[in-house]
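Take a look at the structures below.
There are two complexes below, and they share subunit A, which is joined by subunit B in the first and by subunit C in the second.
Our next item is the complex of A and B:
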């Protein structure tokens, strides 16, 4: 899967973005603190400021605008149902009537707050974490004190997602060569069930080979994290900027 | 639609989800022998890949949740595996949120564990028809339980979400039907080809 492992490109590498220069650990901590602060905030002013911070982060990380917007829209599609009902279910002063149902401004305000929160967190997450290689995230989690076995599971999983996606594409190609097309039918669903069942059986056999190969190289279940990234001046600067922006949000929220 | 985004749920629901998920991860990891990590990882990678598949259902299409199948195949290790998958989906695709990760994991993993435990207790190798029926029940039931838990997390977060919970429950019905057929087929195949994966 190209999302997980970027293909090497012959083009000269562009200068890394400011976010890419940060230590992965500061990016993880930054994302978590930002999300916690946003979820805890109430005021629209504070949430607007949070969304601005997230947009700035997205620019600093040089996220591609079109795919990012598509992702945010997909997220909003999820919430439309829940949010569209809020003005009608939250009691308060009526803003307008729809088919005799009063829509309250309090409900609309809450819907806007939720929309701001969800988009701010998702955008910041895509900017700080989504632009990072997943292996770097795994190592950062490990060095932030997440249990070793969880990190090992995470790193192995990301590795095999790429491998198994290839395998899946191969099996789908074989099905297509036999004129299989996905329809809304029990036949299609069962065929896909067999496909995933087959994938599970094949991957179990693969995992036995992996295990044998790893044991042969002295694997005892420990996964060594051999990077020694250190927090530099950029990380302290980022931490300071992050602290300042969160403090600003807090002030806006209280006032 | 098993991914609730950040900003909707109330603090007590978020805290409960986080606490349950930390416990679930801890228990799952403790039961996972160090040598079994590659196996669990390969299986959880299969589920991540399979969850990217859209299946047409009626006039729309559904994303599979696959938590029933995960619970059956992975046992207790399904909890950390689901957390890994959710973490990746959140950071790569922006599905779900960060603070709400605990609740989302709980809503998918608790049904997975329950269904997996019951299946393993009831299933015997042999009769294919029985295996398929059990598989269908497991797949459908896991989705139904997830739907109820998602609706409950919304409903417990505020009275104003109660009307929306009915729509949420309704939206899971097609997923349930597709997933029951899908799981029956997958389990049927595994029972015939590699029954040791189920016991």
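Our next item is the complex of A and C:
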């Protein structure tokens, strides 16, 4: 019996971070507004300020430094080739020559701007949204007026992706138990094809059972979300700080 | 409460599952539905609440004959079906929402639904579980939440499809204790001998698509 009622071991974090205390809606709104402002900004000063804000947010959300840096590096690594090409492809005043190709300062400036934008937006998203339970994100979207169907789809996806993955792992395990090893052979590819086909059939059947279970409980097409988180003084404070930092970016951008 | 007469049903014409089946549940009964794999036990429960419509025969539930999908809406509110796999039933993100889903669909207000959720969760020994994420629960907890979700609709009859399936001893004992204390009539599909001994007031064996024998 004790097994049944055992609460999961509490997380070692004693106090929730400042960002975790915010209403999920403020976090979604904050992230969206921040992203829009950063994408619209041009000046390097404004973008530098944006990155600073994002770093502050990451500290407030107490993001784990190493995984966060790894994620950002993965993003930068993805862009590095494109960014390295920019000075040579954007016309403008030459900074230096490489093998007879002039590198323009305009191109270099653009590369830096893109780098700042991408990192600022990603870091802010990680801080504001990445640290949130997916369910809370779904609820926040629903209460911000995102159409019910999208929210339902989003929540269904997060709910059943784990179940599908379990089903996949079970089948895969059963294959390995019968000495299946993935090679680049016709037999291998056919077996994997069957695995994917079986997963499709299983998910279709599961969706039918879920729909039947929903009909048994009187489902008529309407979803009811139970969530009464409220915006408090902390949210207004966050909103004000957010507005101030966006205004600062705007001022830097215009001047 | 629900009575079936001459029910014929097959998923395809070549393989009939139910071939002229008669079955009745009376108030206060706890009927154990027995029979081998593929005998049509789950199909029978699904016919009772209209998830499957029979090709021939008559379904009478709560004093009226039921033929169309719309006829069964009321039946499903009064006869709660517990599915074999809790994952099929628990589709809401949180426990509280899942338990509230039925009552809200039946037109209860949010406040009423919330009260029902608290009350029903306490009844199955899961007080305070409202905010928990459904897919992070253990197997035993999922089973109890699905039971709570069905009980929250305040049904008069419970249709249980292998309720003790895949539960460990502690979870199974807990479930049996709860079921034994419920006032509702029940139809229970189970291969669990001990559960049948302890709960059932009558046994019905299904074979070749009909009720083979029935003892009191």
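Going forward, the second predicted complex is superposed on the first by the 222 of 255 C-alpha atoms of A that agree within 3 Å, B and C clash if a C-alpha of one lies under 4 Å from a C-alpha of the other, contacts with A are read in each partner's own complex, and residues count from 1 in each chain.
Criterion: a contact is a pair of C-beta atoms (placed from the backbone, for glycine too) under 8 Å apart; a residue touches a chain by one contact, two chains touch by 3 or more.
For clarity, every value in this text was computed on a predicted model and none was experimentally measured.
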{"item": "First (subunit B), second (subunit C), both or neither touched by A:220", "value": "both"}
{"item": "Contacts of A:156 with subunit B and subunit C, given as first, second, both or neither", "value": "both"}
{"item": "Subunit C versus subunit B, contacts on subunit A by residue", "value": "B"}
{"item": "First (subunit B), second (subunit C), both or neither touched by A:29", "value": "neither"}
{"item": "Which superposed partner A:135 touches (first subunit B, second subunit C, both, neither)", "value": "second"}
{"item": "Touching partner for A:127 - first (subunit B), second (subunit C), both, neither", "value": "neither"}
{"item": "First (subunit B), second (subunit C), both or neither touched by A:46", "value": "neither"}
{"item": "Partner chain in contact with A:74 - subunit B first, subunit C second, else both or neither", "value": "first"}
{"item": "Partner chain(s) touched by A:249 [first = subunit B, second = subunit C, both, neither]", "value": "neither"}
{"item": "Subunit B/subunit C common contact set on subunit A", "value": "3-4, 155-156, 158-160, 163, 206, 210, 214-215, 219-220, 222"}
{"item": "Contacting residues of subunit A [partner subunit C, same complex]", "value": "1-5, 8, 133, 135, 138-139, 155-156, 158-160, 162-163, 206, 209-210, 212-220, 222, 224-226"}
{"item": "Of subunit A, residues touching subunit B in the complex", "value": "3-4, 31-32, 35-36, 38-40, 71-72, 74-75, 78-79, 81-82, 85-86, 88-90, 107, 110, 113-118, 121-122, 125-126, 129-130, 132, 134, 137, 147, 149-150, 152-161, 163-165, 168, 182-184, 186, 188-194, 196-201, 203-204, 206-208, 210-211, 214-215, 219-223"}
{"item": "Residue numbers on subunit C that touch subunit A, as the complex places them", "value": "46, 49, 51, 73, 76-77, 80-81, 83, 85, 87-89, 91-94, 96-97, 100-102, 104-106, 110, 113-114, 125, 133-136, 138, 140-141, 144, 149-150, 153, 168, 170-171, 173-174"}
{"item": "Subunit A partner contacts - residues on subunit B that touch it in the complex", "value": "1, 3, 5-8, 11, 14, 25-26, 29, 32-35, 37-46, 48-50, 52-53, 55-59, 66, 69, 73, 80-81, 83-85, 87-88, 90-95, 97-100, 154, 159-164, 167-168, 171, 178, 181-190, 193-194, 197"}
